[in-house]
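One chain, chain A, appears in both complexes that follow, with chain B as partner in the first and chain C in the second.
Now for the complex of A and B:
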């Protein structure tokens, strides 16, 4: 980080301040090692010949990736995860975006309370949502647990994400653009479709991508609402509990790459949204 | 419709032709699916959990709608359960403190000594692990802390220990380390966004006026970033009250937390017992969330990246 020169850094500083800065630099490095060490191990072990992942590394192999491709039940779990994530992303994005419009543009009696109510499913630990849904589906509504109940369970926290992200974008939206469209003869519907939606699309896309990422990774709520068909995380969890399975590291590595891809797309999209001139400066930082 | 034109743009909203009950319903309609999910799939199930926590099970594990306080009484009469609850609070407090201290140093470094460009990049590096599979990140800690894990191998190679030690895994220490690992990115993110807005010349000014670094820190910096610190505390402490995956993977039998009790009761179909504990956690969480509702900047934490 040597190139990060700040105005303060060129000021005369005491010997102590220099030591502090070095200590902080080391601390930053230590945190990076702490954060990436487990991930590095996971990736390295996925290419390790040994059947029990551990040091020392015995040799390079692609065997575990090969094992994966032959594992029918794992591939089925991947398929289930993709089904769930697709359904969750589409439903959450549509439902959340619609609600965000009402929330920001009036019609809701207590907009602030409603907004806080939408943060609750995000903040309340998944285990509580999971077990209460289990009671609801299995004991009260008498619904058989299936991928459908998993989708419903995941919507509980993905819809609020979309609502909050889109609402925060709509809040800073310059309505004069829309009124100008109305003035030029556009119906409210046309103005929303041709003016508002394209302008807030980065936020909608970000909401969709966050929904996909969270859905694919979601374990806790899924664990309580799942029927006989596992998703990838619940399948992996059962395998891990069952015993040491080196191919799990290969799955993990593939998932890591997939998540990084989605994540990169999301940051590019959000970054573009952030550079839009009509955002308020305070939010441009968020 | 008369519209005032200033600089070529309409500045007045078009007059709404609709009014009355039907129009209001039409206006609210797009909100209904989300409202249904929030109420029907979040609040109603939580309320149901509350009701079930006062019911009992018969020998066939069927839930009987007979009102009783038994599930709560049983919980508080079992010293093991109460100890687990207290331990969870303590663990939450400890992990929160560790995350705050660890993340503050990093956020401070990035906000004060590193150019904004590099700080953004560093922050991205901190967030990336947080977006990768939670389950697999926890699992990979077994390869480090476990019996044949890297830590034991290194310590054995150094001659510190002669046989694999279980000091770091399958107990509270393992749970603590991994929870800090899982939540430190949250804390770093939140603390950085409040430090980023802080004008560090104020600290310099305070020092020029004779305050030592510690006093400048306490009286100038700390009061201004307090909201960020509170947000960070909430984002770390509350999820820990519901953590059951990390303890179940690296906590062993002694490192279990309160949510493990809930999960175990439910897996054994002892629903009212599990519901009682679940409801107690929910009450603690909801009280904290409502008390600190001003600090719940969810969009800031998640939509950043």
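Now for the complex of A and C:
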């Protein structure tokens, strides 16, 4: 069987086709460079010996990663970020999963309108959410700004992601498997615990991981709702005002790798859950 | 039908089920005795699955009463009913092994682990799947998955086992094999089986009794033989096997009841077969294998029903021959099974004047009316 490329090669096409294809490839390459070159520079500079990052690269060093580990305030910011991300992931997952159940199975009146209402915060600009939260915390709720308000602010847009992911899995859930559980003597609570939750756990896990990645590098809403303790992105932002130092590059590189890692895990987990065969409600691996 | 003092395993009294405006079950009444292999048979959409789901407790009744072992269970949730279901798509738990699937219901009962282990072994053995404990459902063939579902339901030792077209997804050969297997398991465990199918052959071969359903109602309940030989109406006769129908009039002014065809031929019938009415327009039904064809009708002590006609077609079908005869009353089909040591004389009859005849005890009166409609709402005579 001929592959797609072979078919193109043997098909009689206009003599411009080759040129067009090359132009498209070039354009694609340029786009990739535009997207990733700055990030690539950041990663390279984090290993650069020079005290002011820039070209030409003078030599390879892990010095800035070393400096980073001695910077107490930066480490505290990293700690704050991890605290916030963990709290956001746990809360968003619990709240979002519960909301997904209501959305899919609650027998609510306007399911589609409710679904949109649930997921709208994803589309609302962060600045808007940030400003409104700040006003709300300061004027209405009279809450002092802290990591707690940051967590609350980030939940506004992470919960909808969890709702979306878990609800779509619940939607496609085979109700007969649940009937079978009830048929075999499982109370509704037992059926949820032993059958439904294990089967939708990949979606829940993916929701949690996506919440972590969203939380770790969230800036706009955090900036509005943060108190005295900075998270990593807000710390970097305040530091950069005094000039870019190579250790910021090092931190950013670590963040990049961590985010990519978590995102990859989430995609793999979700992908595996989605790839179950439709022929039978069954899957080979546990 | 056993008619002991014990309450029936399942009893439906005037059950209605509506989905919004649509009526799925329209006043269904039915009794299933303990130990029966009861088949619900009917065309697609007639309400078979709905009936099972009502008994299982997955959908609520609109009105009427449902009793399991004499107890009214209208509002009892499924996990408290002493019935278990084998679902059409098996509904195995994909994240559990075969053994865990079978053990699930026993775990919910709170049985001690050692008893669970023993019972899992026992029922996997029963369905011929010993040694499949650690497989996952995704690693099973359709027939094996089906048997796991069966073991999982039977391990609970329910009063009634509900099976919704459990063989529907299997290929023909496996189906036949599983039919034999199911009959064996039924005899072995003695549990009441309620089996849904739209395959008449499956119902005839396995059931102790059959309920033929159409449009949310029961048309006829009876043993496979009764349903096949004495269908109450044209719908049942048509749904189960092939039939010849003759329109005419039932008369009772002579020594015995007579069926008079429109062109005047008079056929003897046996009183009490089919419709209880003794006079008026009626339809006579006779199965093709009961109809004989030959140049001249035999004369004997017992009067035969005889019609003259012309053999229009003779088709050799392997183990039988199909003869189509045109008569003034309509086209009749006869099926002759081949007997060993007898040559085929049937082929010579094509285009000849012949007679068709049958023993009156083989025919039955079905729905009333000269032109019976096969429609949904025809009541019995």
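Brief remarks on what is shown
Simple rule for what comes next: the second predicted complex is superposed on the first by the 266 of 286 C-alpha atoms of A that agree within 3 Å, B and C clash if a C-alpha of one lies under 4 Å from a C-alpha of the other, contacts with A are read in each partner's own complex, and residues count from 1 in each chain.
Here is the rule we use: a contact is a pair of C-beta atoms (placed from the backbone, for glycine too) under 8 Å apart; a residue touches a chain by one contact, two chains touch by 3 or more.
This is a predicted model, so every value here is computed, not measured.
In the superposed pair of complexes, A:240 makes contact with chain B only, with no contact to chain C. Judged by the touch definition given at the top, the superposed model places A:120 against chain B, while chain C stays out of reach. Once the two complexes are laid over each other on the shared chain, residue contacts for A:224 go to chain B alone; chain C is not touched.
Within the superposed three-chain model, A:65 lies out of touch with both chain B and chain C [touch as defined at top]. In the superposition on chain A, contact of A:185 is made with chain C only, not with chain B.
A count of residues in chain A touched by chain B and by chain C gives the higher number to B. Applying the stated contact rule after C-alpha superposition, one finds that A:176 touches each of chain B and chain C.
In the superposition on chain A, A:195 makes contact with chain C only, not with chain B.
Once chain A of one complex is fitted onto chain A of the other, the partner contacts of A:47 are absent, as it touches neither chain B nor chain C.
In the superposition on chain A, chain A positions 176-177, 179-180, 182-183, 285-286 are in contact with chain B in one complex as well as with chain C in the other. Here chain A touches chain C in the complex through residues 174, 176-177, 179-187, 190, 194-195, 198-199, 276-277, 280-286, going by the rule given at the top.
Residues of chain C touching chain A in their complex: 56-58, 77-79, 83-85, 87, 89-95, 104-105, 108-109, 136-140, 142, 145, 152-153, 156. Interface residues of chain B, counted against chain A in their complex, comprise 3, 9-14, 24, 27-28, 30-31, 33-35, 37-38, 41-42, 44-46, 48-49, 52, 63, 102, 105-106, 108-110, 112-115, 117-119, 122, 124-126, 128-129, 131-137, 139-141, 143-144, 146, 148-150, 153-154, 181, 184-185, 188, 193, 196-197, 200-201, 204, 213, 234, 238-239, 241-245, 249, 259, 262-263, 266, 271, 274-275, 278, 281-282, 285-286, 289-290, 293, 296-300, 302-305. On the side of chain A, the complex with chain B involves touching residues 1, 3-6, 8-9, 11, 16, 21, 24-25, 27-28, 31-32, 34-39, 41-42, 45, 52-56, 95-96, 98-99, 101-103, 106-108, 116-129, 131-136, 139-140, 152-153, 155-156, 159-161, 163-165, 168, 175-177, 179-180, 182-183, 188, 203, 206, 210, 213, 217, 219-220, 224, 233, 236-237, 240, 248-249, 251-252, 255-256, 259-260, 263, 266-267, 270, 285-286.
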